[in-house]
Structure formats: structure tokens, C-alpha cells
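Scrolling down, you'll hit the structures one after another.
Each of the next two complexes has subunit A plus one more chain, namely subunit B in the first and subunit C in the second.
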Partner chain A sequence: MEVRKEFKLMFTSAKYALMREMLNKVTFFSNIIFMILNNASFIIQWIILYSIKDNVGGYSFKMVMLLWALASFSFGISHFFFKRAYNLSNIIMNGSLDNYLVQPKNVLLSAISSDVDVSAIGDIIYGLIVYFVCGFSIDTFILFLIFGITSSLIITSIAVIVGSLSFWFTKSEGFADRMNNMITNFATYPEGIFRGVIKIILYTIIPLGVVSYIPIQVLTNFNLINFLIVIGSCILFIIFAFIIFNRGLKRYSSTNLMIARI
Partner chain B sequence: MRKYFYIFKTELMSNLNYVFNVLFSFIGYFIHILVFFYLWSYIYSDSSQVINGYSKSQMIWYVIITEVIWSVLAGRSFCRKISEDVKSGNITYNLNKPYSYIGYLLSSKMGEMSISFVLYFIGAIILGLIFLGSLPSINIIQFIIVLLSCILACIISAFLIIIIGLFAFYIEDTGPFYWVYSKVILIFGTIFPIEFFPGILKNILSYSPIYVVSYGPAKLFVNFSYIESIKILIAQVIYIIITYLLCLLIYKKGEKRLNVNGG
Partner chain C sequence: MSIIEVKKLKKEFKVKLKEKGFKGTIKSIIKPKYKKIKAVNDVSFSVEKGEMIAFIGPNGAGKSTTIKMLTGILHNDSGSIKVMDLDPKKDRKQLAYEIGCVFGQKEQLWTHLTPYDNFKFFGAVYDIPETVVEKKINELKELFELDSFIDTPVRNLSLGQRIRCEIVASLIHEPKILFLDEPTIGLDPVVKDNIRKLIKRMNKEYKTTIFLTSHDVSDIEKLCKRVIIINKGKVVLDDSMENLKYHYLNKKILDCKCKEEVNLSGEEGINIIKNKGVNLKIEVDTNKKSISDALKLLNPDNIIDINISNVPLEEIISNIYNDGE
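Right, the complex of A and B next:
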């Protein structure tokens, strides 16, 4: 019941933030359209690479597009609903967390879902367009939606974990930024091109295995064990993010920042 | 000119205090290069293969140099700063100062870029040597010409970002224009040399800013030729004049639209 209330509040918060953003329609729509164009520009990169070689890292062109569809869709969901997870370090460092401590709701959820990133709607739309063009089937569409949600929750959890390091270390926002960028950088390239230590890192420190690679394997060739590994990892990451944040919260001492929220 | 030199120097001295930040941001550059190193190593089945006139080593060195030019620019924050100056009205503080706003932006950006350019360039060469084992065949005079070309490329890139930032006189959010610009530079200039594109596109790109902001300097580094270097340097000077005049034009027109309330 409590979880349902939290979700209801999260969606209401997103709804009002979206309405605020829609006040300037030109900016709103240009943000979405340009983000779609921004993502679409990478198709050229892959067309050129596939004109040189038929197979890149064990992936066909269609599979790379599916990888892009999933990455774009899940990053879109994460950045739209949990925009502030990517700015958590600064929220902790400058004392803005105070605003959420006095609210009778979960502090972490309130803090990370209090604003939306409009351009992320472009990511979500682009992900769906690419999926419909390159890999649509009724059987896999449900799976695609599930993996879109699990991947978005995992990358949000990672953003929360690295952002929460600011409870312990000052100036850790640079590390959090690098970590989040690293996930974006690797997530859109086939895993087969990476070898040795990097490949191990991609399945451990930067858990792209469960964010991108395993979901793509399941989408193209269903395997129940891999499906359960993704779901299980997602749950574990969420629990871990809450534990780290709540432990850090006990150390939080605010700042002398005084601002008026209107 | 002296006043712009002082702005350059002040920015340079102030950025000397943040050398650690530059080194930290090098991690992002390193990750990019790592991805492209693996990608091109996979595409080139063996190291003796030549694709569109580039060997594997030349291809990776090409990306190493173009990424340096792109990374030291830190275009996103520069574009955001200019847009914010216009939107917040801060730009008015520059109206009564005895310098041109465009000159101020360029000299402060050059001051900021100097430290990162030196550190990134040294880091990039070390990285390339670790990944590839040797430098492309280039002598000291040729290396100086490449450095000059890289500096001119940074100046043109800065002017192009200023143009995008100044669009804030006309539209509220210039961010989307910057995204598209950055992706065009990335796809058509940073990841692939112009030779990788089909006929007509190749010709168009040879006259576009991509030729002078990324392809030119990197091409000289991986396969130097004096004739090509003269062509590239002349094209860069022409582009500096054109982009500077465009900045001035947009700024002068935008200045007339400026309407700042309160203070």
C-alpha cells in the first residue's frame, strides 16, 4: 500500500513537472525532436562500419539497432522520471536534501523524482521507433518493455549509489559523472568488440551485462535463466541503492544554504 | 590586443589552480579512446589491412587527435555559459566594458583551453604509445605545423560554439542545437576521416567546417604532407575570418533585441 502511494506521488510529481515544462511549447518540442535527431545521427556511424564489415562484435546491424533501441528507451525512462539521480551529488553537497527530509515521503524517491528531463522523452520515442522498425514482434514487445524498465532502474540505482558517495567524500561528483557517462559510452557498442579485463569490468564494475547485453540475448533468443538473472540483478541493485543512500543519510549534516522554494 | 592578452592570461592563471580537474576529466577522454581502440581493433582483422587509405594505427591516431581537439573545447559548458549570459541579462555587464564581447569570450576560452590542451595532448600521445607502440612518422617541424593547425581548429570550434550560444538572442534553449552540432562533428569529423564517406558527401565535407576543425589537423598528424598542410592552414584562416564575422553579425543584431528588466 505504501509503495503504491509512493509511485502515485512519483507520477503526480512527474505530471506537474511536465506541465511546467510545457509552458514553452517551442522549447518543449524542439528538445524532444532534436534529441531524436541526436540519437538518429549514430545510425550513420553503424551504416559505415557495416559497409566495412558484415559483423561487428558478433552483432548484425539489426542487433546493434536493437541495442540502441533498448539503451535509448531505458536511458530515456531513467532520465525522465529520475532526472535528479544524476545530480544527487550536488543535492547532497549543497544541502538541498533538506527540502525532502521534511516531507512525509521516502526521501530518496522524493529527491530523485522531483523534476523531469524533457529531452528524455525524445530518447523514449527514439527507442520505440527503432524497436518498431528493426525488431518488432508481439512476443518480444512485452520483453522489450520489461527490460526497458529493469535497465532504467539499474542505471538509476547506479547513479544513486555513486551519487551517494558524496555523503562520505567531498568532491565525488566528478566520479559520479564519469561513472554515468561510462555506462552511456559502453552501452551502445556490441560486447563482442571488448576483450580481456574490459569485458570482465563490463559484467561487474560497470554492470552493462544486465543493462544491455543479456537483455539483447534474451530478446533475440529467449532464455528463462538469463531473464531471471536480469530481474534478480535489478532487484538487488535497487535494494543496494536504498541501503547505501540510507546509510549515507545518517551522516548528512546539511549546509548553511538558505533558499526560498516558490 | 593587449587587453585580450590580459583576459587570456587571467583565465590561464585561474585555471592553473584546477589542473587536477583537467586530469580527472581526462578519464572521460580515456574511456572514449578505449572504446574506439577496441572497435577499430575489431574492424581491422589484421594490422596490415588498409581501409580507405588508413591503416589500423593511423585510424586510431586519427581518433586520438580529433578527440583531443573536441574534448579540450568543453563545448557544452561554453555554449551554456553564453546562452545563460544572454538569457539572464549578464551580457549587459559587457556592453559598457572597453572590449568586444566576442573578443572577451574567445580570449577567456583560449586561456581556459591552454592548460587542458597541453595536458590532453601529452596524455593523448602517451595513451597512443601505450596502445599502438609508436608514433606516426613525423619530424619536429611537421609536428609544430600540426600543433598550429590544432590551435587554429580550437579557435574555429570556439567561434562556432559562440554562434550557437548567441542564438539565445532568438530562442530560449540553445542546447538542442548544440547536441546536433556535436553529433555532426562526432560522426563526420571525429570518428571517421572524410575518405570514409561516399562521393558527393565527401566533397561537401571537404568544404565544411569539419575539414578545418577536426579532419585537417588529424590527417596531417597521421599522414603529413606539406602541400596538404598549406591547404589546411589557408582554409583554417579563411574559416576563422568567416566565423568571426558571423559571430559579430549575430551579436550586433541580437544586441538590438536585448531587453533586460530589473537588476
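Right, the complex of A and C next:
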């Protein structure tokens, strides 16, 4: 019941934020369309690359497209529903959490879902278009949707974790930004081109293994264990994000007032 | 029964110290030093249901910190807080249904949406069914006279209209206690007066307990029956408005214009504030000298014009602030 109420509020928040964004239809639609065009421009480099070579890092052209589809789709969902997770440092630093603390809802959820990123709708649409171009079947589509959600929840959790560092360290927003950018940058390259230390990092510190690579493997060749690994990691990341945020929240006050006093 | 009960409340902040200049920065990276600041130090008070209470003090006295602890935003280090029998630290969500907050300097409304949409949103935050919200909005719309601008986006409203909407937004869920932190900041006198009337009406109609902080003395004078003054994290006065005035208003200011100069220096109970020959301004302590005695000293025949007034409340309060230092 409690969880349902939280989700209801999350969608209501998104609805109102969307209402606000739609007040100006020119900016609204141009934001979406330009995001789609922006994403599409990256495909060109891959088309050129694959005209020279058939295989890059063990990925066929179709797999790279699938990688793009998933990355764009999940990135879109995360940025649309949880835009402010990527701005959490600032929310913590300037004391904006006060507003959510006096409301009878989960602070983290209300804070990160209090705004939407309209251009992320472009990412979502683009991800779906590329997926359909790659070929459609009911079972891969269901898997694609599931992985879209798990990946978006994992990258949101990471954004929350790095954003929450602001409870402990001032001026940590730069680090949070770079971490979030890194995930987006790496997520659109075939796994096989990375080796050694970088590969280890991609499966640990920057968990792109569970965000991109394993889902792509499962999408092209279903494997139950890998599927469960993704679901399990997603749950773990969410729990971890909540724990870190709630730990930090106990310190919230001091950071807030220190800023005000300095 | 008290609706707010605070006992021996304490809150400390750790503040990083840094010596001057770049060298100091390097030093503070290698070996950071901290200073502890007692923001709230042993504060106790209680508030009765339906009361309108002024919680005042100079900047940095600990007012906001106390309010934030009462509303569950900050956690206290020690002492106990009971708001409607709930502990804000543990029962934050439950408490949120019972209280409303308006922070004059912080916006909670969505600026691009209309007040109406905003109120609907806040209804959803507090899980109020649509039909009930609709009814409540209509009721508050009338009470707060929002009819003419309820469909105008908040960003196009004047500050006074916005504050009214902020208050309404925090009343949608019918809170039992309303925390108002400087609600009239930056408003012109007419709007201020209007807001005060509305707050008063709300207190009367809904029996809402009001916890108000303000630097505007007339806010306090016109609204509240009881004052708690806090300075340097401690309560320096907790008394009814009447008592405050009674105790501190035993002094009268006599501003008079005389025909000839009068020498009153050395008279007991009389303090000369300004003496410019025939223009004289004195403060009479009525416990020591009656007004009629003071007038006799001035000699009624000698007086061209006179004005007798109370010491302004503002002055009384700043005296109390200074006494605490």
C-alpha cells in the first residue's frame, strides 16, 4: 500500500513536470526531435566502421545497434523519471531537501523524481526505433523492456550513490558528474574492445557489465543465469543506493547549515 | 494538553576552520580543524493546542534550527521533542500529515504551474482523494481570496499573492500545526496586514496552532498572545504578550516642547533621552515617578506641546536580545 502510494506520487510528479514542460510546444518538440537527431548522428561513425570491418570487438553491426538501442532507451527512462538524481549533489548542498523532508513520502524518491527531462523522451523513442529496426520478436521485446528498466534503475542508483557523497564531502558534484558521464560514454562501445584492467573496471567500479554487456548477451542468446545476475544486481544497487542516501541524510543538517554559515 | 513539548533540546554543528589565505587552505587539507557551535543549547518549552505563538530572536539565535528539528528536517543531538505525541526524528512521515510549513524564503510551489494545479499536486502528496481536494481548494480559495488569480501561473503572481498561495498549499491537508518562518518577509504594509488577518482567521476557523517566527515586530504584536525569545541557542524569555508589555511598558516616553528650558538632570525615575534647549525628550519610569509628578516638574504652564507614548515593542525586544548577550 505504502509502496503503491510512493509510485503514484512519482507518476503524479512526472505528470505535473510534463504539464509544465508542455506549456511551450516549440521547445517541447524541438527538444525531443533534436535529441533523436543527435543520437542518430553517432550511428554514422559505426556505419563507416562496419563498411571496413565486419566485426568490432566481437560485436556485429546488429549487436552494436542493439547496444545503442538499450543504452538510449534506459538512459532515457532514467533521465525522464529521475532527472534530479543527476543533480542530487546540488539539491543536498543548497538545502532543497527540506521541502521533501516535510512531506509524508520517501525523501529520496520524491527528490529525484520531482522533475522530468523532456529531451530524454527523444532518447526513449530513439532506443525503441533502433530496436525495431534491428528486428522485432515478442520475447526479445519483453526482454528489451525488462533490461531497459533494470539498466535505468542501476544507472539511477549509481547517480544517487555518487550524488549522496555530498553529504560527506563538499564540492563533490564534479566527481558525480564525471562518473555519470563515464557510464554514458562507455555504454555505447562493444565490450570486446576493452581488455585487461579496463575490463575489470567495467565490471566493477563502472558496472557496465550488468548495464549493457550482459543484457546484450542475453538478448542475442538467452541464458537464465545471466538474466538472473542482471535482475539480482539491479536489486542490490537499489538497496545500496537507499542505504547510502539514508546514511547521509542523518548528516544532512550539518552540511546544509555549514554552507549557510560560511 | 500541549501539542508541542520540547525538553532540554540541544544541537551542535561542526564547522571547519580555515586559516587565512592559500597557505591556510593547504593547512586545512592536511590537518583539518573543527569548531563546535552550539546552535541550540538546552531549550525547553511547550505549546498548547490552538495557540498562536511567536518564536523570535536575532539572526543566528537558533530559531530556524529549532523549527527544523520540530518538523523533522534536522535531528536533535539530545533532549526530547514531542509534536502531537510524535517524535519528529522517528515518525517523520506520520508527523508530515499533521503539520504544515511555510518558509518565507523558500518556495515550494511549482512556478510554471497555476496555483490550482499546485494545490491538486499537494493534495496528491498527502494522498487526499480528488473530490476532497476539490472541495478544500474551493473553501480555501474563498478564505484566502484567491479567485482572481487561481488560474494564473505562479511565476506571474505578485509576492503577496504567491505567499498566500504558499500558505494555502500548506493547508490543503488540514494540518493541526502550521509553522510559519518569516511569512511576511519582503511584503508591503497593506499586504502584510492582509496576510496577518488571514492567518488570524485561519486560526479561528480551523483552530490551527500557529508557530511563527518573524523579525517584524508588528507581526508578533498583532498575531500572537505568547512570545518565546531565543538568543544564542537559549530561551531568554517565555511569556504572554500582555506580561511582556506590562513589565516592560512601565516606561513612558515624554516628548515635549517648552517655553523655557527645564533642568531635570538628577531627578529619580527620569532619564533624559534628548535635551535641545526647549525641546525635551525624557523617559519616565512610572514605578519610580508618576506621570503627573513628571508633568509637575515640567510645569504645565511651561508646556507648549506634549506627546506621551509607550516604548516601542521593537525597542523592548532588542533590549531583551541585548540583555542576553
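Here is the rule we use: the second predicted complex is superposed on the first by the 252 of 262 C-alpha atoms of A that agree within 3 Å, B and C clash if a C-alpha of one lies under 4 Å from a C-alpha of the other, contacts with A are read in each partner's own complex, and residues count from 1 in each chain.
Assume a residue touches a chain if its C-beta (ideal position, glycine included) is under 8 Å from a C-beta of that chain, and two chains touch if they have at least 3 such contacts.
What you see is a predicted model; the values in this text were computed from it and never measured.
Of the two partner chains, subunit C is the only one that A:L9 touches; subunit B does not reach it.
Within the superposed three-chain model, A:M19 lies in touch with subunit C and out of touch with subunit B [touch as defined at top].
Once chain A of one complex is fitted onto chain A of the other, the partner contacts of A:F61 are absent, as it touches neither subunit B nor subunit C. By the touch criterion stated above, A:F141 is placed in contact with neither subunit B nor subunit C.
Judged by the touch definition given at the top, the superposed model places A:L101 against subunit C, while subunit B stays out of reach. Contacts of A:R195 after superposition on the shared chain: subunit B is touched, whereas subunit C is not. Of the two partner chains placed by superposition, A:Y203 touches none, neither subunit B nor subunit C. In the complex of the two chains, the subunit C residues touching subunit A come out as 11, 13-16, 37, 39, 65, 68, 71-75, 92-94, 96-97, 99, 101, 103, 106, 108, 110, 112-113, 117, 121, 124-127, 153. Taken together, the subunit A residues at the contact with subunit C in this complex read 5, 8-9, 12-13, 16-17, 19-20, 23, 95, 97-99, 101-105, 110, 250, 252-254, 257-258, 261-262. Note for the complex: subunit A touches subunit B at residues 24, 26-27, 30-31, 33-35, 37-38, 41-42, 44-45, 48-49, 52-53, 56-57, 119, 174, 178, 181-182, 185-186, 189, 192-195, 198. Partner subunit A is touched in their complex by these residues of subunit B: 21, 24-25, 27-28, 31-32, 34-35, 38-39, 41-43, 51, 171-173, 175-177, 179-180, 183-184, 186-188, 191-192, 196-197.
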